[in-house]
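In order of appearance the chains are A, B, C and D, and numbering begins at 1 in each one.
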């Protein structure tokens, strides 16, 4: 299991790798390059303050800390925050299974909310795992826990896989 | 149909209404008060730059403009952005059907992605409509369009309804 | 709108059209041939006693009468019955949009149960409508009503579309 | 783990336990009584030829053999068959967690189809496991495998839990 280096004193770069760079690498290589800082991190990671911390074939783990800036009118963290982390970890898990020259897109995901996130929850971990991986379609599941292992939400996704 | 006043030159306030304030109002009254600026807007609306623009019983319409800050590593807007707007408009549509003293929470939603959003898409409209509304459970659907009426994503949700 | 002839005194034939027969026809032509009795009806229609009654481009309507044979241990019709009718009408609606030489398979569906079916419900109508139809993927929605128009369950589906 | 007695030479009885009988038992006791033949099996188990074979707290396993009678027009087993077995095993898994006097109903499920079932597939096993179990809501997941352990479909569900 490849564990990401802790992000050090230097501020990470946010942006996008070029499509040409991405096409030469397998999904796992591409994501590892991002984790290692060779490619910039995607902008959404800055906006919603989460990051990829572990990656291996068929599995991806993101962490984040939900804050007041993500609150909905009901006084808890908006469900879109958990949905974003779960979509990320599931899509990323699928991506790790793809060879160079093969891309994917998320067709759909369903997310279940088991208990609300608040700014008191602290760091959360969103873990995605591939369930099935075919030539045209892949599916994955994701679970979002706090540091004590309490489950907050879970999801499944369907991804389309295609040559790029 | 109650259409929101255009948000004027003044910067909207972001924050939360107190639980006591919320409990005295029906769902529709609570949301209208938010639209009219009597209650602060939820923080997520600032972070992801979207807002509620139309509200009536059983229906809510949000708009937003996806920008580069919301991009995923694949070079398009992260699916979590559409999921957040769709969750908002569906939950809000359910909320409009609830009398004072009754609350709700989202149990789950499923979102389908039909085509990718980019920073070229411009303003998008996420419209939520209640499908069924019962004493304990409500369901709703949401669709996200651009200004030409092209569909980008659609969703359904299940909400738990309960006395507060 | 093409409305099916009422199935007459003769018992319908159940079985399968040959793959060769199916490939020469568009989806709509194939289904119309089935409705007109030129092709046998699929065996599941006999087992669960439902049938296709209306078909047009992008829409399909099935009817059935839930009976005691479909009951679950809780004393109502098993959710799998509504799921089967909804899957049928949604898949069929997608099929009507496909030209000859193009097939589809259902990747996933989600079904919401609004109220239980019983043997007192009488005839139910499951109507499927295409939401989006692309070269590789199509989505559709389905709703199941009784004869008074009361909604019992609703669903959405994602189908993969491919050359055959 | 409680494993069901193999159903012997005697034909099982199909029907329904009375509501009064059911209310006196916990979910696990009620289902065990059904497995042991003290209560009749639900009619759907006869119609779609599947049965409950293993039950323990938080988990249920059904088996069935898909046959030609369950075929759709595309020449494979209708998706409603897998949906029915998955709904059964997930709902049953939730039921095992409920004390006497507490019932449940399925609010929604989503099923993913990974590969088609045919009459050549042979015996399939649908295993349901509870993911989260609360006072008002429970969620569960289900997977359907053949005897070699190949995955055919998977699902998640949301159930409402309530006093009866």
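We take it that a residue touches a chain if its C-beta (ideal position, glycine included) is under 8 Å from a C-beta of that chain, and two chains touch if they have at least 3 such contacts.
This structure is a prediction, so every number in the text was calculated from the model and none was measured.
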item	value
Between the pairs A-C and B-C, the one where more C-beta pairs touch	B-C
Degree value of the rotation bringing chain C onto chain D, based on Cα positions, nearest 5	180
Centroid spacing, where centroids are CA-atom means, of chain A and chain B in whole angstrom	23
Chain A-chain C separation of Cα centroids, rounded to whole Å	36
Distance between the centres, which are taken as Cα means, of chain C and chain B, whole angstrom	33
Junction residues of chain A, two or more chains touched	107-108, 110, 112, 137, 158
Residue numbers on chain C that touch chain B, as the complex places them	110, 112, 114, 131-132, 134, 139, 141, 151, 154, 156, 158
Partner chain B, residues of chain D touching it in the complex	107-108, 110, 136-137, 158, 160, 162
Chain D-touching residues of chain C, taken from the complex the two chains share	16-17, 19, 30-31, 34, 39, 41-44, 46-48, 68-75, 78-81, 83-85, 87-88, 91, 103, 105-113, 116
